[in-house]
Each structure stands twice: as C-alpha cells, then as structure tokens.
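In the two complexes that follow, subunit A is the common piece, with subunit B as its partner first and subunit C second.
Up next, the complex of A and B:
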C-alpha cells in the first residue's frame, strides 16, 4: 500500500468530517444552502479586502464560528493551519526580501533588507490563505457531503454535475480499496524488497488494471441505474427548510464583502 | 500546482472561471451526446480514477518520488473533452472536500490542469503518435512527451497567473496584494520544479500506463470515434492550439529587456545609447550614421492604434502589454471564425 500516498489520510478525513458534521453546533444547525453561500461570501471577502486589519477580523470571525460549532482550534490547526503555514509560509518568506520598498530591517551577516511592502505582502498572502482554508474546512466539517452537493444544486450548479460529484466521491473510496487490494495481492506474492524499476512496473500495471476495472465498474453501474429506471435525467430531493437564523447568518455574511467593497476596507 | 485561495485576485479568479466555462459547457455537451445515459456513471468513475491516480506515489529514476496530475493519462485514454470533465470533477472534490486548492481558485486550477494541460498533452500525443500501430514503442514515447509537455504547459499557465498579480494588483504603497512575485521570478521558480520532478513524474506515469495498456488492455488505446457533431471551430483546432500557446506565452515578452533585433525605430537609430545597443546586438556592426531615408519616411505614415503594445491611455506598460495581447488574440480568433464560417458555407454550396 506504500505507493498510495495519503490513503489513510483520505479515509480518516472523510470519517472525521462525517462525525463532526453529525454533532451539534451553530454551523451544523444552519441550512446547508445558506451555509455554503454564506461561507463562500466570507471566502470572497477575504480575497477582496485590502486591509490587514479586516483580514485579521475575518480570520477571528472564522475561529469564532468554529468555536461555536464545537470545532477546536487544535483540529483547525491540524486540518488547515499547519499545512497552509508550511506551504504558503515557505512561499511567502522570500517576499520579505524580494519585494522592493521601504527598508524596515536588515538581516545581520547576510545584509538582506526586509521591506515593509514585502512584510505586508507576505502577511496578505498568508492571512488570505489561512482565513480561506479555515472557512473551507468549516464547511466540510459541519456539512455532510450529500448536503454540500444538494446545496450546490440549489445554487445553480447543474444537477448532472452534482450527481457526478456525488458518485465520484463515493467511488473514490471504492477505487482506493481496489487499488489497495491489487497492491496487496502483488506484494503477498513476492519474497524480497522491490527496487525502483520493479515498483514502477507494479504501479503501471496497477494503473492499467485499475483503469480496466473502473471502466467495467462504470458499465455495471450504468446497467444497474438503467434497471432502476434511469433515463439520463437526474433529480435530487430537496428537503431543506430555512429558518430566521439562517437568513440572519446569510445577511451578516453577505454584508461583509458588501462593506469591504463599499467602504474600500 | 493546486493554487490556494488568496494567491489570485478576485478578478483573475472570475476571468479564469469565465475562460474555463466554455470548455466545461462544450465538454459536457459532447460527452452527453456520445455517451447518453452512460455519461453520468462513466464520468463519475473515471473522475474517481483520475483522483486516485493523483494519489499514486511514483518512484522516479534517480531515487526520488513524485505525483502525477493525471492530465497526460486522462487526455490519452479519454480524449481531451472527457479529460476536461473528469479532471475538473476530481479537482473540485480535492478543493471542496480535501482543501487541496482554493475554492475561489477552482476556475484557475481547472483551466490549467483540466483544460490547458490535457489539450496540450492530447495535441502532442496525436502529433507524435501519428498513425503508428497501437502497440508501437512510438506511442509510449509520445505518451511520455505528451505528459511532460502538458504538465509544463499547465505549470506555465499557473506561473503566468501568479506573475501578473503584482503587475496589476498593488495598494497605494506598492504592496502586492496577492501572489507577490513578478513574472521574472514566478516563471523560473515554477518551471524549475515542473521541468524536472513534476514533469518527469507525469511523463513516466503517462508512458508507463500506455506501455502497460499496450500489453494488457490494448483496446483502451484505440482512438475514440470521431464525433459526428464536430463543430466548425473544432475543425480548425490546430489554429486554436497555436493561438492558445501564443496567448499563454505573450506575457513572457515582459521578461525580455530592450527591443527585438531589427525592430528599431527611427528614434532608436538617432539615440546614441540605443545605437550602442544595436551595434552590440549586431556583432559590433554599427548602424548607418543617419536614419535611413526610407525608414524616416515610412515611420510617419502609419501609427498603430496600440503603439509599442501599450495603449497611450494606459500608463502602466505591463498592463498595456497584456491588454494588447488579449486584443490581438481576440482579433485573430474573429479572423479564424470568419474563415471557418466561410469554409462551411463553401462546403455547403459544393454539396
């Protein structure tokens, strides 16, 4: 299974998201359509703002939303903050020295100058990435995936696309399992460690077999769908109901990008 | 190469969504027409396959490991249109559910990795594989080259999207508000990684899969039947591919300092500093002392509406350059569409 990087992570992530979305909390209690639209509005707000203070307030708001939804900062750090800090942080550091501007400090020994513009641009990059990642994680941790999909269709995404997204999510885990079984079957029949070339060949064979099995699976699924009355049209059941607090949340969330645009915050 | 939120401005995100949207629409129409009721389950499973392939940890020659984006594989096995859909679905799930790539950057990520990458890969594969036998070694090479070039085209598009941010979006104090590195840094930084490890991973995965399919499932490598509903613009696809490449490459011109050799103006020939540069670029052959009479006369006849690629109403030269490229590309597209329409009309008359 060694070649399937992150397999455990994908399954654990899905399980944790399912558990968290089933627990009680502020965001969990909102209508998924309202929640998706509201959180997207906040992500766009984080992208629109030209003020570090506004960005910091948005980040704080995201953390408050997590706390009132029973999601601990520790979980946010593990699922969003750390990964963003490592990736975007590493990418933002050179900006301190490479972005030209007013000298703020000079590194001892190396003599490199840190510009205030460089520092601000690194803060913008990291702040936007952290805030948006927090909001995206909140959506997934407080909403079962089928509800996210139904919310997408309510917001105008074609139902065929929503159906494909739903089925894809389901079959990702099926194919991961099949790939794992192919790998296990092969590994249980060899006596020694494989070198790079042998592992590459194993991987190519696995990919080819997985592709063949995927297409056969698609054919089976298609026949099963047709047997159940599928005629090419997808219909989704909508059983969501909005309450006053949903509209309050949406109004507040939409107000943020509105204020940022109107007041140039 | 999955662009996170916050790296691109909202307007860039909107633009990339708008650029990807016609491809999504055409791809869904095309797939629906060809597959009928099979479209939904087949696209779902193939998208899941694309997602899983992206997780494969590929041991590369030299001891390192890498991940393929699957764009070469998808383009070769499914064709570019089905690849657009399956890779887009995989990228959307990665962004929404797994936080890999930003929500606002879904358009950009899909444009790079699900549109530009697969179309370039498909074009390279078709060009190099030609009419060779399905089991020929030439197809393995073509698949490797397709994966490599497709991946690097996608990376170049991402680098350009990053690189134009500080040109266009800074605050009053000069602070870049989004990705902070200009094209001169973004392109080399992005391409070094992709011309080596990531490109190699994509090449190895694409070539390896084709070699394995040749042995075990050769029927999967047979080209898909040509669609009977090919639209007129698709018939001029080579021109489109060339145009897309030119559009993508146009901001690279921003990296080049000075004037292109032979594109000197009468003012350049009169300016002592420019004369030194011209001589240095011409093997130390000095230009004539006086501005040639013909050039002097001709230069005053025609003043281009977009002089030096920067409209006069735009003070920012880089912005003008990009705008000029877009206007030029738009004019060329209109020209192609006119030619295409004419061809169709002539064909109709002949029949």
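Up next, the complex of A and C:
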C-alpha cells in the first residue's frame, strides 16, 4: 500500500537524519542556536543580493559547509535540489518568457521569445530557492530535531509553537507504528490477493481506525501531561553552550548580509 | 492531616451510558502496597485515573491525601498543584506518556512543570539516570527505545518528582519475561517503605512481589479485598473474576494410548468460560 510505504519513508528519512546529526562534522559541532541564526543570516543574504555572482558564491558556500559536515552533494541533490528544481522550475520557466526585455532566443514553432531579463529573473528565482533549501537541509541534517526545537524556543519562538512542533514529530512515529501494526494485522488475515476496490476499502478503513486511534491518543497524551503538572505552558531544559568557534561562525555569517546591503553586492 | 492515602465510598463512574465503576469503596493507608487485580475491561485504568484526579466520580465520595476528588475542587490551581506534587501516575502505554524529544527532557518535564529550579532538576536527573541505569540513553528519543527501556524511563519520569503516592498501570504489560522480572525486582527494591504504591495488573505472577493487599475488580465492582496471598490462592475467586481459566491442552507423550488428547484440568465455571484472554481490550 503506497500510503503506508510513504509513512515508512518518513520514518527512514528521520532516522537517517538522526544518524547524520550524530556523526562528527563542522556544523554538527556548532551550538544549535548559533547554527540556526547563522544559517538564517545566509538565507537572508541570498534573498537580499542583486548579483548572480554573489548568489553563486552563497550557493558554493552552502555546498562547502555540507562537505565539511560530511554531507555529500549526492545527498543534497536527493533531499533538496531535485525537489526544488521541480517545484521552482515550474515557476521559473514562465518567467523566462513572460518578463519583457531584449530578445535572446526564440523558440522554434511556438515563436515565444526568451529575454535576457527573463533569463536573469528565472536564474534568481531558482538560485535563491536552491540556496535556501540547501541551507535548511543542512540545519535539519546536522541537528537533532529536539535541538532544533530547543534552539527555536531559546531564540524567542513562542513555547506553544515549539511544543506543537515537538509533538508533531513524536506523534508521527507513534502513528507510523500504529499504521504499520494495523496493516500487518490486516495482511496476516487476508489470504487471497485483493482487487483494487478491496484495497481502496482497506486503505479507507485503515485511515479511519488510524484517525480514531490518534484522537484517543491525543486525549491520552494530554491527560499524561496534566498528570505531571502541565498547566498550559511547556518548560524546557536548555543546556546549550557556546564556544569561540560558534561566535566566529556567527560573525562570518552575519557579515555576509551586512556586506551585501552595505556594498550593494 | 489524615493518615489515609485514599478513601473511596460508594464511588461510581460512567463513560456515557457505559458503567465503568460501580459502588467502589476502600481505604488505603499511607505506605500501603496495594494491587488492583482484574481482567481487561474490569475498570482498573479508570479507577487509577480517578485516583490521579484525571476523572472524577459521578457518584459517591472520594478523597486522596485528605483532598476531595471532584471537578470543582480541582478547578482551583493551588489544589491541583499541591495534588500533582504528591501523586504520580505511570500510564500503561509508555508512548502516551513520553511526548518529549529526549530521555533527559522526559525526566525534566515533571519537575519543571512543578516549578523546580533548573539546577535542582539537573541534579535529580543525573541521580535518576544512574538509579535507573539510563545514562547511555539520556540523549536518545524515547520512541526509539526498547519496551523495557521505555517502561524504565516512564517510571523514572514520574518518580523523579518524588511523589508520596505512586500509581502504576500494568507496569509489566507487553514486556518479555526477562525485562518483566528485572522490572519487578527493581520495583520491589526501589519503591521504599514510606511510599504508597497502587499497581493495576492482571498478571498473577507479579502481585505477590509488588503488594501485600489486593483488591479484585470485576466488571467495575469490587469482588474481593484482602491479603494478597489469600487472594492469589483462591482459585474459585480467580475463575469467577476471569483471572484464570480452566483450560484445554494436549499432552504430547500422553498415556497408554500414545496419542495426544484434550481434557479439562479444572471444572468449568458456571458461566460459559471464555477462551479469549484479551476480551475487552482496547488496543
């Protein structure tokens, strides 16, 4: 069943991310708050710049950060670049033709023209999206999810949002397991091969059971929080420590959007 | 102050039209080790939730540590807070209870909500990690642990708040025999003399180790209340309350006929015996 295989994929992906974040590397060694702030500064820089060269340099910097953190370009391509190319590409291609300007090329048959301005804006669109996605994937791949949450909350993101994000993450695993158990229980009972209609029926009833179970689970999780003194506000333990290299990284990262703004790069 | 941890009298509870508890009455003195024994669906979890003020009686009166268990009383923040510091419940399903990203956060959750300082919380976490043999697991997400490890974390995350009263819902459910015996010996060692401990279970193997007194629940009512040793040897009572079953089985190398056969070891109970060990189970 595709739906359940999809869920399996989510879990495998999360596990891979946990393994990558546990291995040694430059970004893995940084304080998560610093890393979050620094990578965010680079994302901002990518959206501020008016120069394709600067954008290319930022993209290269992201790739270098990946390499010194033990993340291969192949992995980046698989987890970020291809998806962004598909989604943003769909937006960028019309820009090629729609932005008016000096004619660069003309499509045979259709007669649509590509302007140099159109090419430029498509390149910006794609370049910014690819750079930002790479930086975001770097954060997720080099930081255990709980630390991302803690970093968010210590940087002032409201505790309620952090708690909801945290629950979502935990929840997914429990739900995937329940889904897996249900489908296994069903499969073991089903002897003959099912036709399409029967399979759809199975999918719907599985989802209904899953929904019922997850509502009951949500209720129980809430009770379990109340039982331990929860009164609407989650408090978290913070135990991040910054070292000199954290500050070096942050200064360097903050310098980039600063320079771009100051020197109009 | 009262010496009673709990006093229930004529207590009832319904989920909609379904009666889950009926005319429940008992007194638990401080420091007592009590087992709530009952088949699936007999009302153990509901009763424990009520003892933890997560649901309230819809008939009769109930107190815990001298505090009245009622929705109106617990609408008061201070009452709620005072109660949560004294009473802790370990849920049956550890996945429900462990909603934090790491084992360490899980342990920190209760104390932080109760307003402990972070230094105090940290010191106590270190203490619990060692006591519960969890030090290597402290940065792991709880959902990636084994069943036995999850149980240890769940219990540690409640005990860290040092509750005077500990409520355990089926602590050995879903554990393999080795983890089960580890957990039971751990519990009998760590729970201490002074703490009141109420354990819900249907596992006859463990009651003797974890309690001196047993209340038997059957379909929402108290079927028996007495010394654990008396109760676990009362076969008629255990059969009547669906805790043991007369069973059919075969003897592979049986008798002069050299053939396996089925027979009944115990006379069947009056009601048609059910062979579904999981009847009434919700999950």
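Criterion: the second predicted complex is superposed on the first by the 221 of 265 C-alpha atoms of A that agree within 3 Å, B and C clash if a C-alpha of one lies under 4 Å from a C-alpha of the other, contacts with A are read in each partner's own complex, and residues count from 1 in each chain.
Please note the rule applied: contacts are C-beta pairs under 8 Å (C-beta built on N, C-alpha and C of every residue); 3 or more make two chains touch, one makes a residue touch a chain.
All of these numbers come straight from a predicted model, not from anything done at the bench.
Participant: Is A:44 touching anything from subunit B or subunit C once the two structures are fitted on A? First, second, both or neither.
Facilitator: first
Participant: Mind working out whether A:221 is in touch with subunit B, subunit C, both or neither, as first, second, both or neither?
Facilitator: both
Participant: Between subunit B and subunit C, whom does A:114 touch in the aligned arrangement: first, second, both, or neither?
Facilitator: Touch status of A:114: no partner.
Participant: In the superposed arrangement, does subunit B or subunit C reach more residues of subunit A?
Facilitator: Comparing subunit B with subunit C, the partner touching more subunit A residues is B.
Participant: Can A:133 be said to touch subunit B (first), subunit C (second), both, or neither?
Facilitator: The first partner, subunit B, only.
Participant: Could you look at A:87 and tell me whether it touches subunit B, subunit C, both or neither (first, second, both, neither)?
Facilitator: After superposing on A, A:87 lies in contact with subunit B but is clear of subunit C.
Participant: Counting only touches as set out at the top, which of subunit B and subunit C does A:229 meet: first, second, both, neither?
Facilitator: second
Participant: For A:71, using the defined touch cut-off, is the partner it touches subunit B, subunit C, both, or neither? Pick first, second, both or neither.
Facilitator: A:71: touches no partner chain.
Participant: For subunit A, which residues lie in the overlap of the subunit B contacts and the subunit C contacts?
Facilitator: Comparing the two interfaces on subunit A, one with subunit B and one with subunit C, the shared residues are 145, 166-167, 169-170, 174, 217, 221, 225-226, 230-231.
Participant: Spell out the part of subunit C that touches subunit A in their complex, as residue ranges.
Facilitator: Within the complex, subunit C contacts subunit A at residues 49, 52, 54, 77, 80-81, 84-85, 88-89, 91, 93, 95-102, 104-105, 108-110, 112-114, 118, 121-122, 139, 141, 143, 157-158, 161, 283.
Participant: Could you list, by residue number, the parts of subunit A that touch subunit C in their complex?
Facilitator: It comes out as residues 18, 144-146, 149, 166-167, 169-170, 173-174, 213, 217, 220-221, 223-231, 235-237, 239.
Participant: Inside the complex, what are the residues of subunit B that reach subunit A?
Facilitator: It comes out as residues 4-7, 9-10, 13, 28, 32, 36-49, 51-53, 55-61, 63, 67, 73, 77, 85, 89-90, 92-93, 95-99, 102-104, 166, 171, 173-181, 185, 204-205, 208-209, 211-213, 215-217, 220.
Participant: Inside the complex, what are the residues of subunit A that reach subunit B?
Facilitator: Against subunit B, the touching part of subunit A is residues 2-7, 10, 13-14, 17, 40, 43-44, 46-48, 50, 79-80, 83-84, 87-88, 92, 94-95, 98-101, 116-118, 120-122, 124-125, 127-129, 131-133, 136-137, 139-140, 145, 148, 158, 160-161, 163-172, 174-176, 179, 196, 199-201, 203-212, 214-215, 217-219, 221-222, 225-226, 230-232, 234.
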